[in-house]
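In order of appearance the chains are A, B and C, and numbering begins at 1 in each one.
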């Protein structure tokens, strides 16, 4: 029973990471109808940036913030330089470009930083918390992950529902032509959407780094699980990415715990097949189609 | 003064507009009439900048609108209500309206404009928190026009506002337009298939067929020409 | 004037597609025979590798360029073919041809299992799903180490050559022969009515369905065909390198295959040869480049990776129909043969003539439709 409990806690923690990356995928998909397969690699790259700063004795939180800001800038640059020129071309072209970015970034990280695994420090203790005298499989750092991702999600809600900018972003995603007629500079807004998405990814990259074997491909599996989470929650639903992330995190934790960790990817594939077979729009999609 | 000069637009090899010219004055309604596929929607899209013409210009207030991007055309005071699509379904009524006034970056005036719009279309006030998707056809059209008015335009382009609406609702909409036009000194370009109702409120009329202007005159003159009416306007 | 020239060029080639393909294959066979006879054993080995990669890339090229589906998991299908082959050799030896066919069948079966639920998936979903497979399948091998040999993997035995021919040459000839056969078959498939169905499904599934085409069946079949090609290539790879282990079939293989296919030109059957050349020689070139510039170890190891990434990005942005599309365009320009139409799914027309026939999914765009600032 305690095994199940531990797996559940691990699942929640992992699920939060998937949710953050999934949020980025969803934002980008909603705005530009592109699956950003490079989402994980971009996060990896900004995390490597943080590591370099930490190596130069920069404070943890300073490096953290710099990585997040770099994520913002990175997303904007990628949209402008690589994705914008492909607007109007077949979707497959943009998919391939993001795959190219994925490879390029992993190669660059390997070339610049060396492929050997590097440790990434954690800001908080990673040993299990003591609850009621027992060690639980949930550490201070896991609490931090939980808090950080929830804060991210809440700020998204505030951004989208309560600000003018958020209104512009939603309008641009739902009905770009109509938004233009209302005077919204849709191009800039979409760039901003990518920036925010990349920010979310960078956060996830930083949160995962301490527990991962820190090498240029450490975000590959996470990207794939986040994609599953996004599909489960619904590619059009930012709220869905949180629930999808939690569900996927839990499911994969149980699969890994009871069937063996090498079966987790196939577990994710199975989840994808089931969801896409029965409810392709995901759990949280609204039925209205996309307007132009 | 809004002046369209020799506007020509092509979709690939097809000439949707082939040298259209007319002008429209402030505080007036100009009806643009013609059969389906005549090029009326293309005309509005070219005027707003959604489509780039292969020749010609649209002069307004010293600018050539065809040289500007959509966002800049909007900032020159042009509001376009496209056919059947003026409402964003996933946003609430209030959000749809607010969207229209965002580019002005004037919160105070935006709130004022919202209040005025609710006065003009009370049903929207009742439904302000409802999603656009839940509105009836007439309500959607009111919302679309309301959203356009939120930007305090000087030029209002309406693409088939009566499409799919009950006659009573159409009459109400047209009445609103008649009142509003002199009040806000609007230059209204009203594209309509329902020529009769358009002619009843317009001062001038332009009849388009196959991308060319067949007749441009006062609404009365156009309405009086029986041959023209039968041939191009269906009544 | 240009009409006459076009007719003259076309009359040089036989009319029937099958004959044309056989002629091309025959020419290829002679070409490769000549090359391998004159080369060292190591070069023969490389020729063989080019041939086997051409097989898997051809399958992918058809899948993506002609049928419009994208797979990021073909490394996984190669792995299935390779492991099946190795296991057969160890536990149930039989004639080489039979072993190859069974390996192809195994990959085809997996392809079937993947393709069936995937028929309703559009581009990004299928890409994501195959990506998971590419990551997940090798892990399966890691788990069941008894069968799959774990880290060390399973050893394969090269086929014994007839007297007088060295083993590498023999294997290379087998691989080249198979590659040519596969290419002829694929070329005929593309030219056939089924090929038209594949293209119709690629361009507009709904229209294709309305025209009576069994869309799901077409997609599944195309996927299975390309998976079989990958399985065959995987078996050959195992033969070539003498060992089958998970290290050879990491995610990067699938991504490099994609890059090579895109570089060569999706939808083309000559493009795969270009891509195969890159796959075989790029690692060597990049290590020698980094050595000559004294760029250090970590750069050397990653230069190839970076280049693959750059290739994918640059080709997509600048020349979406790849090398073969570019050559075709040049060739058409030179002979003024009129419209050069490339695979519309990956990129637009590269030459003169009407725009690629991708039907508008949005309202018609006028010339110079404004894009956002």
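Note that a contact is a pair of C-beta atoms (placed from the backbone, for glycine too) under 8 Å apart; a residue touches a chain by one contact, two chains touch by 3 or more.
Just so it is clear, the model here is predicted, and its values are computed rather than measured.
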item	value
Most centrally placed chain - per-chain CA mean versus overall CA mean	A
Selected interface, A-B versus A-C, where C-beta contact pairs are more numerous	A-C
Distance between chain centroids, defined by C-alpha means - subunit B, subunit C (Å)	53
Distance from subunit C to subunit A - Cα centre to Cα centre, in angstrom	31
Chain centre separation (subunit A, subunit B; CA means) in Å	43
Residues of subunit A engaged with two or more neighbouring chains	180, 185-186, 292
Contacts with 2+ other chains: residues of subunit C	365, 369, 372-373
Junction residues of subunit B - those touching two or more other chains	50, 70-71
For the subunit A and subunit C complex, residues of the former touching the latter	29, 34-35, 37, 82, 84-93, 95-97, 99-108, 110-115, 176, 180, 185-188, 190, 217, 220-221, 224, 227-228, 231, 260, 262-266, 268-269, 272-273, 276-277, 280, 292
For the subunit B and subunit A complex, residues of the former touching the latter	48, 50, 70-71, 74-75, 79-80, 82, 85-91, 95, 98-100, 102-103, 133, 147, 151
Subunit C - residues contacting subunit A, complex	64, 68, 70, 72, 117, 120-125, 127-129, 131-133, 135-137, 139-140, 142-143, 251-252, 255-256, 258-259, 262, 298-299, 301-313, 316-317, 320, 344-348, 358, 362-363, 365, 369, 371-373
Contacting residues of subunit A [partner subunit B, same complex]	164, 167-168, 170-171, 174-175, 177-186, 286, 288, 291-292
